[in-house]
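Structure first, commentary second.
By letter and in written order, the chains are A, B, C and D; residue numbering begins at 1 in each of them.
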């Protein structure tokens, strides 16, 4: 079994040239694709339609490619678009391909394992509250099972796309006599991301159910997951979940590790995450990184290492946009690469002002598979 | 003789608490101050009034402190406010103090030398054109002379604050039958910065007069200075110039070096700049840095190391804002410090997509002065 | 023959519920649709992907409805999305349906006539220059012919969707040794809109060819059309043209008139436009208006009726966004209706600071058709 | 006794040319000025420093003019700067001059009466809560008394400038173990405006104390004042209040009336407000209007007269900015004048989506004073 990822730059939210080419040339088998994570170039906030535009475009491409309906595509592939490529970030897609054919020759190293799951659609009044937490935890467990990851210790990254409240959805709840967690659409994104992250923390035993209530969300920030990355969008009503970890029986060409950025300047989290990738010999470097996934947010203290930042006080550029630009710069300066999946809004995802960071390496050193079994070179 | 710099964070454009305290406690002698460089928290574009607000506030503070008129303050101190603290940058001021009392004991190391000069006021039709270039070059030479820097090789940084065109100034020129370089006020900032930078390049023999014409400005980008940093603001009509270099006879506690960021990810320019600071033994590190001054701009190719950036295509956030956020992140990630003077709009300042970078170190190792002669600890 | 228009609000750029319902209920015959004009809720500038998202969504809807390919849809329907619903404007679509079946009973009043045409794709170096002007004029004439409008006097509105330059397109031209009119992507929108409007002016004898050169575009603003409305978007490479006028032989239920707003406050243009709609008795009022189409732009003088406006000096909100908000407010305050097609960027479209305004009325009074022949009530 | 107002356009937040000229020419007596209301050209949100910049500039001007300290100026003149001149609005100041010399000849018409008062400074934890409501009510009563307005019926407008929370102020409260109403700085502006408006409603008997609690603020929107206009700014810690009404014994050259815009398109509120201005004969028209003051906000329903608006869902431009642009357009289109005091954020000020509107007329018709006693022509 093997999970492969392909990192493909996009010239616009509907630019499928790179993906199409990879499919036509046989580098990607459309039937194996289980998830596409994307950084799109909108504002990453409420009225960022680049996410839905990308999703619509990709869904159609896969429907045409697979000869099925778009509804079927939606059930087999998780599309998780995260808006915002501030600073120097490059809009791009990470395509996750899973081939479940067992390898004839087992490796003694675990390999990258991936699985997806979806919750049911949420009612507006459930967003940012306990219902969303519990349903998310259930779906994380389901995705782990599909990926064949037995222990929560082996989960290194859980990506979730979750809904937000719009004026229309708020109004719908009100008409039915229900309250919503907030009527501020922008803030609803934070609540939905926060509840989803707590769902991951619950599933991974980072918090337990007795600690959680409706009041926990976006208030008790000492409760958090070190592996959740959640992103809200207007284009869906359910949570879509992608779990990544290392597991035996999977081709170890791709492997994953994670750590937590303690604050926005903690570039060293990258080194610590690399150290947690299973290896036979210690030899991984930034040149082995095939994908970097990280959460960014402004410190609520208004300070970074004792010095003031203006992110919260700027009413022209949203705090999440500043934070992505900053963390994108910190990591791109280190990696010399701008195709980084830097996602804003890290409520209950890592400590205040920091966030989880995961690296996926593509590296054959220390792998048991023979050269003849090497994966087809990916776009990355 | 000694030049000292103080790095003081600001809670708002008119926050003088830190500066006031330093003066009251005797750390800063107001009568010695020749320049204040500031990062203020506006958008750094046309309607950024935080620059003028800071300048007005500081001018008044020094007038009260020195017991003179604000007009006199304006003639003795250059206030160079650069707007924009995107990402994690911290609004702050760099206060330059010069004490021209000769040291009794000479050092064999050169020390930080600083001098200021002003051009005459420019007419709107002169901005972004040859007149601005030539007048600027003259003033750079005058500032060098005041600083006692004999050779252009010893100049490591030239900071210029220059005017921009507003709708009213354009209209004024038109009424007098004159043309302006552009009637787009935002673009006029680039022309003014560009012509000012070419003035520095001319003064420092980086280009010669035969290469220059009105047509050069913002067109021939292969003509540039490696040491100019120019910043445009609505609040002045002349160019204000601060020249920094190393020269014999100056206290070497503070010294300066520079290099050029080849692109926005070139964090290594920092190391190269440190290597150019005069030392007796090779021992400088990022911990010695008292101030970092750098220019940022988006690559005109639309790419960074082969990957697309969205800075030019984003109509919500100006390209200069993206670029400051990015370069600020790259360097703050390296230095673990956000009080960096990152200035946007690097026309004719370093290569396309990059920019000059200067470091001022505060370091007694390798200095001939005795411990008893140590400078009063600065705020930085 | 009859032209009917339907005004349908949209909850998002991909909200087809209203349109779908109108088709399912028989109010709209998809096979008769020749054009859809839309106000979408993006920024209306370079990175406004709501336009392309709407276009992609609508194209697919009509392909499904008509049982043809999306390529075929693109050849039979002009989709002209104009971004920007600032202030109180409501995102909406204006669907133009043409039924060419001759009426058995002729009316003595002319009725609304509509025709579309497309130019060839433009190369980046042609945008904003004479080639774009001439090709546009040819296509306007072609569209008039299709609409059966014989005299240019009877043309009251010409809507054009035109391309813009992106960093990639500029780079493409440069590689082929060509120059582009500007390398600033935002400004390229103005050049493309301007050249397209001059193409309309040329076709309608408002200017003549000897007056025009590459230098005219966005410089000689005394050359303009009183009936052009042009809008630039990233999603196309050719000009798409919709011509509207009154002509004999068309059902007079819908009729059109136009005038010019002399400046942003000239709400009275609405009354003057109404007076130019053909009637049998003088009885039209704002309650008869089925659609309002108007251009908005900031006066280049920086003033409105002698008082300063800040649109040009604001670097946070683009001038076109301010202008749409203003003109939208002026007209919505008069009409008590926010579903107005207010489009920004009026280069060569009406006088400086003003713009063409067209009203389409839906009114049976003064019409010769009998009650039994009344059009199916439209969504508007 | 007479109150006069002067409407003076500003070229920038620190442009005092017009005001200076009026003082030098004797049109304004600086010693009589009790308040300056200003529209400044910032974003009107948290980081809008144009308000403080104007205030600092004007305070200094009056200190120089009156030969007193800036602290004294602050105690005698209320400076109420409201940021945001979106759309076509013109930055300007309304200078209120009060001459308390009794008129020898009484008029049978009441005239414009004005009075100011200040609350004590508020602690961060008091903002947006009952304390702010009660203190404000007390200060409104004090200002009425100073203006000689006996009945609350004769109050037509109460302008308040109130503080907001910054990250630093929130942190200060937290350190002292206090909670704040919100830690979102932008939202704190709404709470402060809302509590201040409820203070006016309380003082004017529009609500009573038993209806009010901490929970009322920004929740019970059916509680509101029809005459409050409140504006939040970073530059002060107390509420500053200006009460305007008509009272006997005041020169009737200037008089005031008010009504409520029921929604953003309700331009007719202008006519209704004019009808409420005391007159001897019914003859007032828009040409008599010397100043217009109005509040704007987006309807919380997300709709205007049944059609969707995007103000709440736009994360690039704040809702208050959209709303000012819209209402500014609606009223400027009617008045043909852009120097309108349109202030955003109408929490508890008029009904949801609407806001109080006051007109000050300058009109001698129907006044008992003789031509020889005519006021010096104002700048307006």
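Convention: a residue touches a chain if its C-beta (ideal position, glycine included) is under 8 Å from a C-beta of that chain, and two chains touch if they have at least 3 such contacts.
Since this is a predicted model, take the numbers as computed values, not measurements.
Student: By mean C-alpha coordinates, which chain is most distant from chain C?
Tutor: If we average the C-alpha coordinates per chain, B ends up farthest from chain C.
Student: Distance between chain A and chain C based on Cα centroids, please, to the nearest Å.
Tutor: The mean C-alpha positions of chain A and chain C differ by 41 Å.
Student: Could you state the distance in Å from the CA-based centre of chain A to that of chain D?
Tutor: Chain A and chain D have C-alpha centres separated by 48 Å.
Student: Listing for chain D: what residues touch at least two other chains?
Tutor: 11, 41, 43, 47, 168, 310, 313-314, 316
Student: Using the definition of touching given at the top, classify the network of chains in this structure as line, ring, star, complete or other.
Tutor: Per interface graph, the chains form a complete graph.
Student: Per the contact definition, I'd like the list of chain D residues that touch chain C in the complex.
Tutor: 9, 11, 41, 43, 85-92, 264-265, 267, 304-305, 307-311, 313-314, 316-317, 321-323, 325-334, 336-339
Student: Applying the document's contact rule, which stretches of chain C touch chain A when the two form their complex?
Tutor: Answer in residue numbers: 11-14, 41-42, 47, 49-50, 52-53, 56-57, 60, 168, 234, 316.
Student: Within the complex, which stretch of chain A touches chain D?
Tutor: Listed in rising order, the residues of chain A that touch chain D are 43, 45-48, 166-168, 171, 183-187, 300-302, 310, 312-316, 318.
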